[in-house]
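One structure coming up, written as structure tokens, with questions to follow.
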Amino acid sequence: MNSPAPAFASVPSPFGAPSGPTVRAVHDQFHGDLLEVSMGPQHPSTHGVFRMIASLDGEQIVKLKPVFGYLHRNHEKIAENTSYLASMPYTDRLDYLCSMSTNWAYALAVEKLLGQSVPDRAQYLRVILAEMTRIVNHSCLVGFLFNDLGTSFTPLLYAFREREKFIDLFESLSGSRMMCNYQRFGGCRVDPTPEWLAAARTLIENFPRFLDEYERLLTGNEIMLARTQGIGRLDPARAVNAGITGPVLRASGVDYDIRKVDAYGFYSRFDFRVPLGDHGDTYDRYMLRILEMRESVKILSQAFRDIPAGPIMDPKAKQRGHRPKAGEAYARIEGPKGELGFYLLSDGGPNPYRYRVRPPSLINLTLLEEMCLGHTIADSVVILGSIDIVLGEVDR
Amino acid sequence: MSAAADSFLERAPLELRDWAVQLLPAPLQWISHHLITIVAVLAVFGLFFAFTTVAERKLLGRLQNRLGPNRAGLPKFSILPWHIRHKLFGLSQPFADAVKALTKEDIVPAAADKVLHFLAPVVVVGFSLMTFAVLPFGRNLIPVELDAALLYFFAAGSASELAIFMAGWSSRNKYSLLAAMRALAQLISYELPLILSVVPVVLVASTLSTSAIVQAQGAWTFGVLPHWFVFTPWGFAGFIIFLISALAESNRSPFDLPEAESELVAGHLTEYSGFKYALFFMAEYFGLTALSGLGVTVFLGGWQAPCELLYWVPSYLWFMGKLILMIMLFIWVRGTLLRLRIDQLTRLSWQFLVPLALLNVGNAAFWALTAQWSGPLQLVRWAVSAAIVIVPFLVIGRSLSAGYAPRTYRYAP
Amino acid sequence: MTAALLLIAVLMLGSAAAAMLRRNLIHSALLLVASWTGVAAFYLWAGAEFVAFAQILVYAGAVSMVVLFAVLLTRQSREADLPIEPATVTRTASAFAVAASLAAVIGSAVATARFPAASAEAPAASVKQIGLELMAEHGAALLIVGIVLTVALIGATVIASNDKKRDPEDAP
Amino acid sequence: MDTLEQLRDRLATRFPEAQVVFVTNPGASAEHSLLLDAAHARDIAFFLRDDPALRLDYCSNATGIDWPEKEITDVVKTSVPDPAGGPAKIVETKSVRVQPGYLEAVYHLFSVALKHGPVVIRLRTANRSDAVTLPSLTPVWRSCDFQEREIFDLFGIVFAGHPDLRRILMWDEFKDHPMRKDYVEPADYEWEPTAHDEVLDKAKAFRASVPSVAARKETAS
Amino acid sequence: MLGSGIIKGLAVTAKNFLGSYHDPARMVTVEYPEQPTVLPEAYRNFPFLISEDAADPMGTLRCVSCQICEKECPPQCIVIEKSKDKKPDATGKPQLYPLTFNIDISVCMSCQICVEVCPFDAIKMDKVFEVAVTNRFDGLLLTRDQLAKPNSYYHDIHPAEAAEVDERLAAERKAAEEKAKAAAAAKAAAAAAKATPTPKPSDGPTEASAKGGTAA
């Protein structure tokens, strides 16, 4: 279906050219006159400042080059000039929809560097908050996907109505809705009150009812089937080779979930299943998110049932002034968007010598062009929506 | 229809007009007679347009669990003392929108074709207003009694395509030309099922004049079941096809491709701003009201009362009630459905709606021929008619949605 | 009533002439549409509502679209590349010859035709009669016209579809 | 999967002429790595990916590290026998040597097929100024495509054989490589909302130097 | 049957439409200016300095300008100038106090790291979010007197947290007093031990005092 794009020796690289008209005619020897349309960086459906330069033959996409860097603030250079603790609030701003799980990934990396242990209650709390973040992110994505498909905000507002309840829980626990800055090296910052745990438990119990209503609204919808099935097909072998991870990879049928492979944190204590798709198209990616939300609900109910009492912070852990011994560590978690990794290299000083974030959103875009070839421009918007990128993480 | 039906309210608008006309000298009477009708239609449907925009935003809001606009109240210096506390539920929102549209700067692109750029909104509003001339609002409340009324309606409606092309071409902008081409493809491919879905009614009522069609739907069985065409198998199928085509003709929800913000930003309206954009916006709503008015007239029995007992209610209220219900249905569909891609949209029309509409005409012919069957034959007639509708729907439906089905998912071992 | 007739005639002929003289192809296409609506107005003046609405529906609605699509898809719409050759002697002579012969044919037809007395009221032909007339007497003609149109359309699409020579190997 | 030492020995036997050095990681995580020489890196990479026992088919993370020149004063304690027969004196001779700087690319490889842990391989350039090319591993793992472009953009390592080596985050006309340790920030502090202390000094210095800004300053104040 | 999915979808939106009239879970709009938004107790926005009593906010600041928060603040938006002289604080011990304490809230991202690392509980997170100002440069640079707020205000916005902090401070003060009392008692005992041998002959006291001195 997606034949490799022929080489375009004659088409001048658009990036060198100054920012001319967003639409210009381009000639290329295979397809005759192409219409080169630049979608973004200010485009209502590219989820932030992301730009796609698509060469169109009529409606069909012949070439598609993503352009990044509009939100680049060199987060890694900042992290290398501040202390380990001071980088924690900055990790909230990486993937601003899932600050709790990004915090955990950074804390995991520093703990691996320090060889720091974490008490049981903190581990349970981390699993609970990571799974709640997964539900928040997936409901966000599913809402925005249907905005790209053309509904007038209805599914998005239903999804946001549910997401709002989770975010209020984050706010009452950590103090801020999306910038939680909640994990520390060796545990968590604030111990949730029993009322908070009770409220979270009731919220989890009636979340599946929302999912059922959402599926009744959309999953069987004939227009939705026509617009997403068979669109943006991803071949499993190419996906693994291109380093694509997370629900996008599992939608192509590859069984690779870091919660099961690495079993980091206390994930080995919970039994949950990993859904897999067979066709690897946009519909599978959408359904994968819905099924993963149901699995997260299962994990959360088990976690709430047997969360132990006890300290939330390792008594030996220091608050500030960490000076880890020289060495390096790479820790990774199964973030809602894919494998989120932190690579830290310390030379004994208060600041990390090298601080690197492995951005799942950026690497999942590697095969965006292969997925969009041959489809129309309306489909490319849907395919981009189903890959679920956040520009804060793509551009760092 | 018993003569007692003409209560005072029923005849009031007509008598008012006649009283006003005979005030004037003889030569002016013909002109003023029609002038008053025109002014009345413009006033009623102008306000109807204004409050449809508000209703749409409030209804969509309620569909999405939020309040619609409720901030715009009457200006502060209004005489109503309680206004300060009471915000009138945002009902004065349309007037605020109108003022905004008027005062916004009207930018015309330098390279634009000035004449066509100005003419496009004029043509589209003119033609969509002309379609109101043949809709029977009440028992004898019809602006122009035309013998070929339906044909007139579709003739006026088809000219809006011309205006969309002029708008798309004159803006000298690749996006708007691409979008105008798409919009034209959509309008042309849905004009056929629209007209074909009305042909069965013409066949059964054997007339093209709208008021005669409404008369044909006058009777009730057992006083309660009205003889509206929508309650016959072919009528119901025709109504559904008419609804889908009307959605496409007025560029609304599942087919709002030209203004698909996720692709071509604002389609052929990209280069319009200020009052010209408001004119296009108004024309779209007039088109929507006219099409739903036609739907009410042809399928839902125009100004006929649903049952004998309610016959005393003035007829134009029935027409307005059904019109409002139809518009709420359109808004409800807009709040729920996704947008179709251009090739799926045209395939739906040519491979699904047109064949079904043609079969529906055959079905209506069968219905008309077997009009005098009675007793048990009546049931056979209904069964055959229903079969002619359902069987092709299932067959063509399955071929259309081949390969698309909700899937079941496996889990990792 | 003749004032209305004069107005319609002026509008129709004026827009037709303007359509020929305009250099911009799109403008001339739209002026053509204006002249067709002029014809429809003439029918209305003559009292034949059915024919007038049919004229608007068919010509102003559909045929104008075909003309405009043809103009756009063949990309001849830009003023720049409209080749206007100089009017050589032979070309003007042949033009006048054609015009003269045309005028002769129309003149003879108008002269021999028997117009009914202008004062006779136009026959109020209801739509039902028109329908019966069409189907009964002129049914065959209607079918033939239908077939001719379909064949023309299919021919057009066949010609149009393979004029864009696409290389087989990169069909997506 | 066998330990890293066994892997290094297998590589040594498999590619006799390639130098594979075992780099120990002193930190608590004990993730040691293999330093490959640039010449044979791609063949070794293909072997790592296609070997049935290893099947490292997923390159999760590719990043660059900048190691500038460093003076290392190594202290050599030599015991000098006391000519007068007394106890030997410890003499510390400090010798300062400059360790040449280099740019390094680190790749974390995982196996999706066999689900085993990270194998870390490192490639080092000759120096930091002119010889900064490394063989690109994108032909082996497509996931290194954007990450190698980012290393080129932020560190300046040129990857030979990369299908589309352009800057990914900075704009094309940008000259320097921001993530290098010796990167000097451009002094265009024309605008800082509430500048204080050293940022304030920079802003003042900048305002004075640029005529247009200085002119605007007079009119504003 | 083609269209059944669409009809189910329409049914869901209809349910939500009707639900929005009676089911509070479905009507989520908060009409902000009229209905105040309910903020959870742990909500944090920009920091503020705690002063012991409201009467004289500048005089009784808890902050001793140790500048830990200035060093630890990720975006470096706190500027502190130490005072030269010392002033007695709540426990009477003379402490430094900040001459200028500016927080640039256009840079501050309210991440509350300053609260975490402050050893004197002098800086806490506020709950005010209506902080619009007309002047972007000076309006957003909060100086010491704009930041200082009484402890009672702290009790209003974070009741549980404030109570726990006061409890801890009181406990520390009590422990400090006991230690001081114990030290005073020990000094008094040593002084008493030194005072008892004085009735001996006069030459004795010189060595005793030397021995007593070392014993204290």
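Letters are used for the chains, namely A, B, C, D and E, taken in the order the chains are written, and counting of residues starts over at 1 for each.
Everything that follows uses one rule, which is that contacts are C-beta pairs under 8 Å (C-beta built on N, C-alpha and C of every residue); 3 or more make two chains touch, one makes a residue touch a chain.
These numbers come from a predicted model, not from an experiment.
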Contact-graph distance - origin subunit A, target subunit D: 1
Chain pair with the higher count of C-beta pairs in contact (B-E, A-E): A-E
Chain occupying the most central position, where position means C-alpha average: A
Longest centre-to-centre distance from subunit A, chain (CA-based): C
Rounded Å distance, subunit A centre to subunit C centre (Cα mean): 60
Subunit B and subunit E, separation of their C-alpha mean positions in angstrom: 65
Euclidean distance of C-alpha centroids - subunit B vs subunit C, Å: 31
Whole-Å separation of chain centres (CA-atom averages), subunit D against subunit E: 43
Touching two or more other chains - residues of subunit C: none
Set of subunit B residues in contact with two or more other chains: 63-66, 335-337, 401
Overlap residues in subunit A, where contacts from two or more other chains coincide: 154, 158, 161, 217, 219-225
Interface residues, subunit B side, partner subunit E - complex: 59, 62-67, 332-333, 335-337, 393-394, 397-398, 400-401
Of all residues in subunit A, those that touch subunit D in their complex: 13, 15-16, 68-69, 72, 74, 76-77, 112-115, 238, 240-245, 254, 256, 261-262, 324-330, 332, 339, 341, 343, 345-346, 353-354, 356, 358, 362-363, 365-367, 395-396
Subunit A contact footprint on subunit E (complex, rising order): 2-6, 8-9, 11-13, 15-16, 26, 28, 40-44, 72-74, 109-113, 116-117, 125
Touching residues on subunit B, where the partner in the complex is subunit A: 60, 63-66, 174-175, 178, 253-254, 256, 260-263, 265, 334-344, 401, 403-407, 409-413
Subunit B contact footprint on subunit E (complex, rising order): 1-3, 6, 9-10, 12-14, 16-17, 19-21, 26-29, 31
